[in-house]
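In the two complexes that follow, subunit A is the common piece, with subunit B as its partner first and subunit C second.
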Partner chain A sequence: MMGLLEWILDLLLSPWLFVPLIYPGLISAFAVLLFIIWFERKLAAKVQLRYGPLYVLKRLGGAIQLVADLLRYLFAEPIVPDQADRLAFIFGPILLFASSYIAAIAIPISYDFYAFRSEISLLVVLGLNTLAPAFNLVIGWGSNNKFGLIGGLREGFLITADEIPMFVSALAMAVLYGTMDLVRMVELQSEWLWGIALNPLAAVTFFVLMLLSTSRFPFEIVEAESEIVMGPFTEYSGILYGLTMGASYVKLYVLSLLFAILFLGGWEPLPPLEFPGSWLILPGAVLFLKALVIMCLSVFMRAVYPRYRIDQALRLAWHYLFPASILSVFLSLLVLSGWSI
Partner chain B sequence: MSEEEHVLELLIGPQHPASGHMRLVAKVDGDVVVSLRPDIGYVHRTVEKLAETKNYIQIIPLIERPPLADTANHNLGYVLALERLLGIEAPPRAQWLRTLLAEMTRIHSHFYGLGIHGIMLGSSTAFMWAFWDREIMIELAQRLTGARLTYSYMIPGGVRRDLPPGFEDEMDKALRYLERRIPDYHKIFFDNPVTRARLEGVGVLRREDAIRLGIVGPNLRASGVPYDVRKVDPYCAYPELDFNVVTREEGDSLARMMVRVGEIRESINMIRQILKKMPDGPILEERYLKMIPPKWKEWMAQHRRIKLPAALISLRPPKGEAVARVEAARGEAVYYIVSDGSPKPYRFRVVSPSIRNVVLFEHLIRNCRVADIPAIYGSLDYFPPEADR
Partner chain C sequence: MTDRRWSSPVFRLKGHLDAILTGAKYLITPRATVRYPEEVIELPEGYRGFIEYKKDICISCGLCATVCPANAMKMYVERAAEPGEEAPAEEVKPKRYPGINYTRCIFCGFCVDVCPTGALEHVETHDVAYEDFNSMIYPPGEFAAGPPKPEFDTPPRRLRPTMDERRGIAYEPAD
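Here is the complex of A and B:
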């Protein structure tokens, strides 16, 4: 009996199951989803002189509002329109959500705990992360709705405009560290300085592109409610809608983890504490907190900015962020040459 | 490709988050709106025809319904027309009280418009703030009239209530608060780089076009035409008030928004002047005041309000016709009454500012982006029920 329990625990704690399933994978992604949407609404409410979510668990300020919403989504009927492409309509959101979080598997959570360590784990995260927007296009097309179609096309325009500069500004850090291995990057940052101090230009560019690619304000262009209702997700209801809504937050979560590793020193510095399991919990918690700060900052933009028009966002991405990301590569080279002198 | 192949017809509304009670039929080529036709009439409530079946006094609550948010100004327009028909004029204090409520309504109506414009651009903060700050004027109007929006405050020959005790101090506090708030709006919304990018140079209405199309209100003044009924054809206490007609030269969406902000400031100044200069005296015309029994008069003096005399309830204006116009928050409103000597009007006509501005949808939303539709719509402060009546 004991043997079985230990075996299950071992299995769960084995990196190749723990990482995709528990942290930073599916379960923590869901937990973050529940927290960050509540936090976004609460924060915006604070700025806007109102309460925000309150009545579901009043003592904690409506903290489990999103659990209630999720339950409602689960039991609501997901209506599939008659004229929609059923296969694309049903599998689109599922694949969108899955591909939004799948990049988390390549994210290490300490020096010796990762699903796999690769020379190019940065590219794996970025590459897998680019998958999700394609499903927005599929959803927009498959739901056979004009607003959906326009929303899908908007996403199509934005994919290229945000992913390319984002790759370049992430690769600027790879140039700086001389490696694309995320574990090694954290190691180097603990020896030198945090990436944000070494190359602030890349950090700012990456952050703005994060907002752009996860459809946060002021770039909430794909779903723009007052223009195209809900963009690609106009026809959705029930849990399928819940998935589409959660997908961009999960993508934000993965990118925030990546941001924390690239620019904020990952799980360093570790607090000098010793307790059972601290080898796993401490670095995980530090990394998580850093990512959470980035996410909170991203969702706070809702209270500050209206949304850009798509042509303005594209102009911003191609005319300013793309050159800025290329400049950040040169900045990395400059820092490197300064270092070697 | 032929036009049908690459032009998409987009039906925006009436079931759309930002359409209001109307449908916008947009022809979209890529992201460019080729043409847009507003399809109005979804909330047509036959106000003009209904009025022919009602007593004159019953029409007051009726005409307050369509232009919601901007109720007092329309109430005033109707009552002025009716008074002209009856050949009476309200006593001075009632005139000043009417002006007071009209300007309070203008403030909260403009906040309403600014808030809706904010959410159409995606700024939920501007929306929530504007709807909260609008509440302050509504609360004060409630103390004055007893209702939040549909005041029915102005009656032929006067107003229903006098100022409640302590009103001046409360109003002073409220005005100082609003003046403190406007710079906050500038920081988060009006001067926000994203707002500027969305509104500057978008939906430009040239001066000649504005005059040619017969545009009224802030939309006209934003194109550099200083036309304001309060100055051109003054009524109530406006001749004695010192105020400026706010104009802008640009004629774009931002100018239309900023004219409203300027008018809020002007209204704040006007309310200060009104409370300072308001004369004492009765609030109902002498002819009707005489009909009230002494017992009621005591009650009226004690409660500072009017008991409607029976003569007002079954008004029978002489045969004839009368027209009156006022500067409502959204523009010039015209009321026209034809009487055949019976207790009900023979014909009743309302020309609301929104119906005169609806032409702008077709005129301005052309060769712009899909995202500009709500940006321009919001800047017009167009209210479908007011247009449909």
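Here is the complex of A and C:
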């Protein structure tokens, strides 16, 4: 009996299962989802001098509001419209959610704990992350609805506008560190300085593009509730809708983890603590906290900004962020040459 | 864009920073709303809530039903019983009395203003939950029985809104 338990524990703690399933994968993604959506509503409420969610578990300020919402989504009937493309309609949200979180598998959580280490793990994360918006297009097309189509098209416009500068500004960091291996990047940052101090331009660009690609405010253009209802997700109800809503937050979570590794020194510096399992828990916790701060900052934007029009967002991306990302590559080279002198 | 300075990216960047700082400032400003079912605010005089109907001074003129913009007030034909009698006697002529449908009423107060005898009056109540639409319709008899009262699980704290120079709106205990 003990043997079996140990075997299961061993299996769970092996990186190939722990990373995709527990942290930073599925389970922690769900936990983050529950927290961050509540936090976003609470923060927006506070800035607007209201209370926000309060009555589900009142002592903690309505902290499990999202559990209640999730239960409601679970028990609501997912309606599939007659005219919709059934296959695309049903599998779209599932694949959207899955592809939003799949990039987490390539994210290391300490020097020796990762499911996947490679010379190009940065590219793997970025590349897998680009998958998700494609399913927004599928959903928008498949639901056979004007708003869905418009939302899908907007997503189409935005993919190119946000992914290209995002790749470039992330690669600026790769140029700076001279590697695309995320583990090595953290190692180098602990020797030099945090990436955000070495190349602040890339950090700012990456952050804004993160907002843009996960449709946080002020770029909530694809859903745009007040113009096109919910964009691609207009026809959705029940748990399928829940998945579409969660997907962008999960993407935000993965990108925040990446941001923490690229610019904020990953799991360094570790607090000098020793307890059983600390080799696994501490680095993960530090990384998680950094990512959480980034996420909180991104959802704070909702309370501050109204929504950009799509042309404004495209202009911002192509006129300012794209040149800025290219400039950040040069900045990296400059820092690098300054370093070697 | 009337202000030409907005064409400068630096000025716009400063605008973004200002916006975020303003948001941060409001994050630590005290809230302006109250926790409704536990705390209620005292309403100002002349607040237009539910309507109280005094049947004994109503002259059945029908003006309230005529003026109502939402068709919420409606005249019902009724034979009223004499005071002290159970049912109206056969020979009593039917009369018209107003009844109200709160599913339609917009609380504009026109009926209160137009009533020549002051038989209609607003009360402060504005927060009553109904289980179905039918119970929101009050024929003359029930209308005359008085406006509905809100039900609270625990008696709420009453707060009085005051103007505060710095914060705008503030609350103080009403009693």
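Methods note: the second predicted complex is superposed on the first by the 341 of 341 C-alpha atoms of A that agree within 3 Å, B and C clash if a C-alpha of one lies under 4 Å from a C-alpha of the other, contacts with A are read in each partner's own complex, and residues count from 1 in each chain.
The working rule: a residue touches a chain if its C-beta (ideal position, glycine included) is under 8 Å from a C-beta of that chain, and two chains touch if they have at least 3 such contacts.
Remember, it's a predicted structure, so these values are computed and weren't measured experimentally.
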Looking at the superposed three-chain arrangement on subunit A, would you call subunit B and subunit C a clash or a fit?
clash
Of subunit B and subunit C, the chain that contacts the larger number of subunit A residues:
B
Go through the superposed model and pick first if A:E268 touches only subunit B, second if only subunit C, both, or neither.
neither
Given the touch rule stated above, what does A:D69 touch, subunit B (first), subunit C (second), both, or neither?
neither
Examine A:R307 and indicate which partner it touches, taking first as subunit B and second as subunit C; both and neither are also allowed.
first
For A:V229 in the superposed arrangement: first (subunit B), second (subunit C), both or neither?
first
Between subunit B and subunit C, whom does A:E187 touch in the aligned arrangement: first, second, both, or neither?
neither
Per the contact definition in the header, classify A:V47: touching subunit B only (first), subunit C only (second), both, or neither.
both
Examine A:D85 and indicate which partner it touches, taking first as subunit B and second as subunit C; both and neither are also allowed.
neither
After superposing on chain A, which of these stretches of subunit C ends up overlapping subunit B: 61-69, 79-87 or 151-159?
61-69
Show me the subunit A residues, by the header's touch rule, that subunit B contacts in one structure and subunit C contacts in the other.
47-50, 303-305
Residues of subunit A that touch subunit C when the two form their complex:
43, 46-51, 54, 300-301, 303-305, 320
Contact set on subunit C toward subunit A in their complex:
9, 19-20, 22-23, 26-27, 29-33, 35
Counting only contacts in the complex, subunit A reaches subunit B at residues 44, 47-50, 146-147, 149-150, 217-218, 220-221, 224-229, 302-312
Would you tell me which residues of subunit B are touching subunit A in their complex?
8, 10-11, 16-18, 28, 31, 118-126, 128-129, 132, 188-189, 192, 194-195, 197-198, 369-374
